[in-house]
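Chains: A, B, C and D, in written order; residue numbering restarts at 1 for each.
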Amino acid sequence: MKVSLLDHTDEPELTVASAARLCYSKSTPTELKNGLTQKEAARLIRMIYELGHLSVFEHASFTFGVEGISRVASHQLVRHRIASYSQQSQRYVNISGSENFVVPKTIKESRLSDKVEEFLGRASELYEELLREGVPAEDARFILPQAVTTNIVVTMNARELHHFFQLRLCRRAQWEIREMAARMLFEVVKVAPTLFEKAGPSCYSRKRCSEGSMTCGKKIKSQEEIFIENGLHIDTGNQ
Amino acid sequence: MKVSLLDHTDEPELTVASAARLCYSKSTPTELKNGLTQKEAARLIRMIYELGHLSVFEHASFTFGVEGISRVASHQLVRHRIASYSQQSQRYVNISGSENFVVPKTIKESRLSDKVEEFLGRASELYEELLREGVPAEDARFILPQAVTTNIVVTMNARELHHFFQLRLCRRAQWEIREMAARMLFEVVKVAPTLFEKAGPSCYSRKRCSEGSMTCGKKIKSQEEIFIENGLHIDTGNQ
Amino acid sequence: MKVSLLDHTDEPELTVASAARLCYSKSTPTELKNGLTQKEAARLIRMIYELGHLSVFEHASFTFGVEGISRVASHQLVRHRIASYSQQSQRYVNISGSENFVVPKTIKESRLSDKVEEFLGRASELYEELLREGVPAEDARFILPQAVTTNIVVTMNARELHHFFQLRLCRRAQWEIREMAARMLFEVVKVAPTLFEKAGPSCYSRKRCSEGSMTCGKKIKSQEEIFIENGLHIDTGNQ
Amino acid sequence: MKVSLLDHTDEPELTVASAARLCYSKSTPTELKNGLTQKEAARLIRMIYELGHLSVFEHASFTFGVEGISRVASHQLVRHRIASYSQQSQRYVNISGSENFVVPKTIKESRLSDKVEEFLGRASELYEELLREGVPAEDARFILPQAVTTNIVVTMNARELHHFFQLRLCRRAQWEIREMAARMLFEVVKVAPTLFEKAGPSCYSRKRCSEGSMTCGKKIKSQEEIFIENGLHIDTGNQ
């Protein structure tokens, strides 16, 4: 899996902070934005976050390129409706030659690892046989295991990202989408550190678990913990 | 595949028509609804449709139970964001024992039909072996072919349904989601015949193809044609 | 102000509960819905609410007729984007003759009450003068005070209603939209008592205030309290 | 009225075009974006537009500062639900001293122009009197005419902007929101000329009127025409 930040609102923190200020000011939007320093923007963003007025976070938009996730993960991902997606089409793109499948660690470490490898190889062969036989790619793909990888471009605004991170960075989320969310967070904290300094599962962002009796029982105390648990090792400074 | 209408706004046509009338009237919503006959509602709905003021169609909501579609189709379906979904979870529901896979006709009719059957059987076996080995269902499912079936509850309002039908009843849509859309249309015309009398692909609903140079070249002239092409045989009266 | 429930998903609680059950079951949607009693549905809905899986609440939709709110309130209302609206048009409906303005209690009880009455009368006269002079209604309305009343049809699903009630039934919400929300709640608890038994401001629904340092300091302990504070006097049984 | 582009997705055309290409390619999002020239991006965007696959346009987001529109216009504006808004609050911002009202040309040019001016002055005075009397700003504003100005920050993606322009640049749209839309278009064609070269009312963007029997009968042939009709005089090059 690889996640990159393809593009984003140019000055996310200044834009969000000036929108926030507008609500309580007689000044015009341009005056407000021109009059803001990064430091003042950071102060405002922290205040807004505490008050829970997250609608202003919507003015900052982030576009990610996601490579090599399974169709299991992409099916979960696109359930988030306040977002935009462009996904590699299995109707038009011939996946043949692709030995790329996502194999869960529990399978890799099981006795059945080799059998599964063999099975996935068999799936690729059969897919190609079907294509050679004249079956259209859009039908041949029915036999491809859900482990098959896909690429997708995702755009979410900062408010929806906070919501996405809250759900998908929880230890109870599935490991693959959790890793994807961790990599997304890893990218956005670089370009909008204050906007995302509190982003994470409820236990981190709101200091309380949202999972009730299903709780894992171990609070996350820093974003660094999230990155380490998901195999990302660099310190972001937000703790 | 089976599609049923689980529930819907009780009086969809009277409700839509009274909302439409409200926009241009001094009367109150209840006065307007109480004063409407089904026939007058039908007249208003036809007028609104011609004017393209489809926002009032949003007041009528329809909930479908969909059984036995593939995960290929459900992945396409949930890309429609102005809708609500509850889907059978592959994280929690053990699919084992399920010999239910959707096999495209092009595969069934190909020389490879038996090989595919055998492969799908092998997939089921391997899935069950993985479970017995202690691999969690949420990981074992990675090896399941995308042909595996799922059940899903879908709610859409009448405006979004019109949009959905326009895209997915086109002959260029994939056959499985097209059949699903046809079955959904088949259900809603029974309870809201006027609201959906024009629903269908662009060539039927707007009398012009939306596919440009990709056109199939054969206009659909009645909803009955759609039903017949998708294996549904009863005449609905909307032509 | 008058709020009526114009229409709704016919069996909201059975539909929501069967959608919830589907996620964790091999049974089909119709089997699940047919197999449910109201009592079992109520048990499931309570469980879902505790777990916070409110997405299934989206399958139940409610349509309200709202009469006689000010344009101040309607402007706030339509900021809720996950909803459908049909509003009386000031471009096409001549408001003349309307002495209907919403006058806040703080004004009525002030020394300026008569002056305000006179001013509103002057506004109505001037509006009619403008119309007689040939100014189109869509322009004449610019001089109408924001207190001028409007009628609107609103559709929201049960999840969005919970969110709406959480924000707008808070004592810090503006009094007019708060009363409107109270009247909406009053209607829906009649037809879907379990679905809405926890609906209310955070202090009631989640047992904690969401307003931080801005808190009013007085927790709401029952829906009856909400109704009484908003001038609605009948006991609903949800406490 | 003043409209400025506060911020936007940094490279809107390259981002949209690489998302479009992803759907039909085996390459990764970053490879695709890095491999694109502006010219190639423009070619792809034109192709997408012709095919009607506008979902990829959603990856480009634009944030506007809008100053000095009436509450009539802002009420219409916020009916567009696929957008984000932050509006100057009349609950918290004391409008007093503001002689700023939007007065329609039909009123200015009528015999009643002076009477209206006087009435608006009376409204300002009464508003201030109410505040002095201790009536809260949130209540005093009920007497303010809908002509009163407001400031608002608006974010829309390029797909929604196309839709917004289609509705609001039509000659049948109300003049104030039409001017606002024209000013928004004027800003975005500067930073994303290809993405918006076809943006405009149906008669311009789709070469056919969408207003049926209500048509104004005069097709718009260039964006320059839109700008001129709305008092904006500079040529953008998109014709």
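The rule is simple: a residue touches a chain if its C-beta (ideal position, glycine included) is under 8 Å from a C-beta of that chain, and two chains touch if they have at least 3 such contacts.
Keep in mind that what you see is a predicted model, and the values were worked out from it rather than measured.
A count of contacting C-beta pairs for A-C and for A-D identifies A-D as the more extensively joined pair. Distance between Cα centroids is largest for the pairing of chain B with D. Distance between chain centres (mean CA atoms), chain A to chain D: 30 Å. Inter-chain spacing, taken between the CA centroids of chain C and chain D, is 28 Å. Shown for chain D are the residues that touch two or more other chains, namely 85. Chain B makes touch with chain D in their complex at residues 50-52, 210, 212, 214. Residues of chain A that touch chain B in their complex: 70-72, 74-75, 78-79, 81-82, 85, 90-91, 101-104, 106-107, 110-112, 115-116, 119-120, 122-123, 126, 129-130, 133-136, 138-148, 174. Considering their complex, residues 2, 4, 6-12, 14-15, 18-20, 22-26, 28-30, 33, 55-56, 58-59, 61, 63-67, 84-89, 92-93, 151-153, 155, 157 of chain D touch chain A.
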